[in-house]
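Several structures are given next for inspection.
In the two assemblies presented below, chain A is common to both, partnered first by chain B and then by chain C.
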Partner chain A sequence: MMAVLGRPGARGLRASYVPWLLAIALVASAANAQRRPPIIIENPGARAYRVAIQEFRPSRPGSESAAAAVEQAMERGLAFAALFDEVDRRAFLGPTRTPPLDRGDPVVCPNWSQIGADALIQAEIEEAGEGVRAEFKLTDVSRCVAILHKRYRITKAELNRMGHAMADDVVAAFTGQPGVSDTEVAFISTRTGAKEVHVMNADGSGVRAATKNRSLNLFPGWSPDGDAIVYTSYRYRVRPQLFLLTRGERSPGRILRNLDSSRPLYRGVFSPTGDRLAVVMSVDGAAEIFTVGRQGQALKRLTRSGAIEMSPSWSPDSRRMALVSDRTGSPQVYVMNADGSGLRRLTFNGSYNTNPSWSPDGRWIAYESRVGGQFDIWLIDPEGRTNTPLVTHSRSDEHPSWAPDGRKIAFASTRRGRSDIYVIDINGKNLRRVTNEGENTNPAWGPYRR
Partner chain B sequence: MERAQVSRFLIVALLSSTLASGCALFGGGDDESAGTAGSSTSGGFDSGGGTMGGGGGLDSTDQLATGAAVAELEAVYFDFDRSLVRDDQKPKLHSNAQAISAGSWSTVVIEGHCDERGSEEYNLALGERRANAAKQYLIDSGVSASRLDTVSFGESKPSVQGHDESAWRWNRRAEFRVLR
Partner chain C sequence: MMGLAADWSLELEAERSRRFRKLLLYSALAHIFVISSMMLSPRPIVRPALPAVVEVQLHAALPSSAAPPPEPIPEQPKPEPPPPPVAKPKPPVPEKVVLPEEPKPLPKPKPKPKPKAKPKPVAKKPDPKPPPETEESYDDFLASLRAERAAKAPPGPPTAVARGPRGPTGPGIVLPPEVVGWMRQAKVHVTRAWVLAPNFRTLPLETEIAVRVDRSGAVRATRITRRSGNPWFDESVERAIRKASPLPPPPEAEEWSFIFRPEDLL
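The block that comes next holds the complex of A and B.
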């Protein structure tokens, strides 16, 4: 499966829909000799790695601008990871520009470790027709071994993705877990007037409107393969129903049409396996949680209290779900099995706890809690033993969504007045605002891209 | 040594034919043309700019209009996180019930709304409760249930803009729209 889908029968895809021809290949390097990365971060954010970056080499005339663009994108990707300090090039003892990598010149490691670098980044970029190729090398200069050596190909229109992919691979080489600069966040923005679904790169670049129906659109959620976004919209008869967007020319539109359309469908959430959705549908005046197949088959009701039950968030193994119920008179976070059994209340602090989001590693559930007159993001473990604020602020922080690496969380905050999307590391560091126009809410961090 | 490593590169080219192969998600066409608002098609989302489809064109109709507002039917207001009809709002609902019974509207749509605080999803459910509370009051006052419809907009259609109680108190409400 690729990231681009056409409607069945669609006649091919325009060039602009073929994003990253991409071919990423293999690692190599001393990987054969050393089977695991030399450096594992035990405490994310506790230490910055110092990297020396040689200017990316255009491998032939005409490739200069591509080389510069990829280099800058990689540097932005590294900055987004917030794990690295870049060594000033003026301090270099070795060459400031990457030498031709196919010459196989050995890296003179002492030249780099002497200036305090942990690693050296080198790359050679070649623009050829509509494509751009890169050879990329990361050397651990203390052990003097290449810990990443990889080639990339991409279309000229997506140079930023190439740089971000390099940065994410560098993060993986250091931490064992890829970075997330080459991921996307879906969200709702009013920048075009109505509340519309938008998609941006995780660092806030490349914002584009994914809906332009001028109705009311809410709660985008990704399919686990990143190829589709389910969202709630009032565009059909001014009633909330579920719709699907796919990468490609035309999207299927309203889904689950075989369900009773007189019932409001407030939200859909893909299961981690992608074959089912948890949906919030109103029955007899109360929102309840169901699961249903992607074609609308095998509808199964999970909650039946008559109170409000909503905001389902799957555990990464698909076996459990966090949810919100107000059966005790105030909205609180609960956990249940994915068949609706074993319901258990998780939050007891305060009178208003909502929007649970289960972490990719399964260890935490982020949620929003009303404290005083506003909301903060908290983390609780699924057994309810540890409950701690991620970040507190005198304005509201709401709607947490985990990055696929489990290291960052996106949320919506009114901390500068209007609502914007922010990202933060789960150690509470590196807060970063990633939107700047309109009111921005409902962030949904997408999966790793392929 | 490094030359040997380079020679081990394996370039895996994922053919663009894979891109075009597509995949049926939820089946085909839209039926939004049956709706009163919204575009009849939807574009995909993509990493290139400007690839979204959708209606797009400006038009002056309110895409979220459920019916026409009429002077005879007044909005009723609620307390924070509550859907009980307040005593001070009951006279208005009683008067609305009489107007609906006497009127010739085919359907009255009751819209439930919330203030901006709290979870948007929860506010959708709370708005539905408010609309249903108003609906039940009308039914108890003799209006036929078959002439009543409800919809919740949660916090997305405030009647007064603002970020404090002076706006919020007017936004926690049920409104009435008529289809003739």
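The block that comes next holds the complex of A and C.
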């Protein structure tokens, strides 16, 4: 090679080309570095974010109890999200109590990242008259940036809600979608003697009866704005009818006033837009699915098989509906357009599939499937390509209902003998029982609260 | 006419001579480039196509015993491989999201065709070192590697292969073992630091991030080179890299690329 360079004909050119050659060689080297394969990270190894929570600071004397109550509620909300672990305060290198936030002291991020924290939570609570104000700050100490700085105001009676709202906002800061600790679940419970509609916070706290008619009440379902619950009641004994609970009102009222009341109405489900309901009504001895306006106007029949059609569940865009039909001899889940066209069978596994519930993101339909002698909760996509069990147990798991974030499902289970409401993440983790009294069935997870 | 012909002939000779010198020069430049690249780069010059590599593992690169006469690990330049595949596109529909049914086979290390030697002077250059014995076991192979490193031998032939078990095509890319080892350690570190909300695990998200690491392993800078479209997912990636710092001291203080994509579906 050197001999080639030493040839008289090339000598003159060598000097002028050497810099080019070196540059080309360097580029080639850099290209080599870039051609190194990337390192692929596929499965997150950590289960939860580690958050350091500085004690909430009462910003004036007399606010101590409120500060403690809000802090505890926030911690419960974070625990319910099952996405965070709290760092033990004894490990703190920085102060254990929130400094006055209006001073604007910068967070010393290394103090927190060194103890393994991903984030730092600080809050200042001020009780003023009947109200409570809070300033809340969340810092991502890995990147050393404040990712949430927010003020809250609420009445003293709702300190729990303030803490839950803070926790839900923390979840949103990390995932883009708020947590659901400040949402409610309606369900049927026998704890007051009869099967009455009850409402509780999503974590099982704050249970209160919503009906007291000592009759048989079933199938609670929320209006999309969260201000009303439609349910089925046998209070008139002759036939089941639909009634409406409105937040704040004590006595239940009828719904669908303009609808012929001579036909039994087994169930009503608000559409996601809230202006119509899908109802299951008896026609000539068979249960069929209709849609109807909130006042009973514009009744439209969707199914005409003569078989039993029930359990309608709207898709989140209101364009489709999942339902159960026994037209082939056994109850199976079907999907159709909201005008009744395009009906197709979705489930083929097992001889009994029922209670479909369409996920808020539209990607899944949860339903219960009888396996052996008991029911399990399964997930299937609306096209029927993927069908997978979510909850299995030797005792029955029934009536799945999606949380508004699409990450959790509530269901009823008899796994400890009597029926209780449970909550589980859609990855099958973080199973949690949220009721402990009476027989509890028919959970219906409410929307985000305004 | 003869004169003209002769003149023309002389011109032709001169032209031929100029062309010959030009060709000679091009040849010289090509050789200089090849040699300079070899001298400046610790890795071989010609590499197989970069596959859509997703994992790094030591690989003996030995043909199976049933294979025809074992070929040594090719040290000579191979024919130009096909262009590297573009990163595997994500199926846009939920069915990809959910438990992909089609298995993702490991690319089999097929016996490679005997590479053709280029008819160039560079091919005459003796191989820097003989390839490892092709019949030795994987453990023997690793042991010989360790012994070689213990003896502080000069960089030998590439002995590790970063292989893309999920890559659709192409053979692995040959990397020095210390690079492969560091990549594996870095993967463990970063994986351990990554937290992902369950809802992200069902989405077809993928983020690529360039991470500048100094000699001590400290992360000096990050730069997202391909976003997932979900800012919270991208932030989780950045957070994981920052939290994983310091990484093990890398063999080279430079920029490394990480791709994050959740595969834990449901």
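Everything that follows uses one rule, which is that the second predicted complex is superposed on the first by the 398 of 450 C-alpha atoms of A that agree within 3 Å, B and C clash if a C-alpha of one lies under 4 Å from a C-alpha of the other, contacts with A are read in each partner's own complex, and residues count from 1 in each chain.
Here is the rule we use: a contact is a pair of C-beta atoms (placed from the backbone, for glycine too) under 8 Å apart; a residue touches a chain by one contact, two chains touch by 3 or more.
The shown structure was predicted, so the numbers you read here are calculated from the model rather than taken from an experiment.
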Touched partner set for A:228, first chain B, second chain C, both or neither: first
Touched partner set for A:440, first chain B, second chain C, both or neither: neither
Dominant toucher of chain A (residue count), chain B or chain C: B
Which of chain B and chain C A:104 touches, first, second, both or neither: first
Partner chain(s) touched by A:405 [first = chain B, second = chain C, both, neither]: second
Partner chain(s) touched by A:315 [first = chain B, second = chain C, both, neither]: neither
Contacts of A:363 with chain B and chain C, given as first, second, both or neither: second
Touched partner set for A:48, first chain B, second chain C, both or neither: second
Partner chain(s) touched by A:388 [first = chain B, second = chain C, both, neither]: second
Overlap of the chain B and chain C footprints on chain A, listed as residue numbers: 1, 4-5, 7, 10, 13, 17, 21-22, 24-26, 28-29
Chain A to chain C touching residues, read off their complex: 1, 4-5, 7, 9-10, 13-14, 17, 21-22, 24-26, 28-29, 32-33, 35-49, 83, 113, 118, 140, 142-143, 171, 174-177, 363, 379, 381, 383, 385-386, 388, 405-407, 425-429
Chain C to chain A touching residues, read off their complex: 21, 24-25, 27-29, 31-33, 35-37, 39-41, 43, 45, 47, 50-51, 53-56, 94-95, 97-99, 121-122, 162, 164, 173, 175, 179, 183, 186-187, 190-202, 208, 230-232, 235-236, 238-240, 242-243, 252, 254-264, 266
Residues of chain A that touch chain B when the two form their complex: 1-8, 10, 12-13, 16-26, 28-30, 101-102, 104-106, 135, 146, 149, 151, 153, 157-158, 161, 184, 194-195, 197, 199, 206, 208-216, 218-219, 223, 227-229, 233-240, 243-257, 264, 266-267, 280, 282, 285-287, 294-296, 308, 310-311, 324, 326, 330-331, 352, 354-355, 368, 370, 375, 396, 398-399, 414, 441-442
Chain B to chain A touching residues, read off their complex: 1-3, 5-6, 8-14, 16, 18-32, 34-39, 41-56, 63-66, 81, 117-122, 124-126, 128-129, 132, 151-154, 156-157, 163
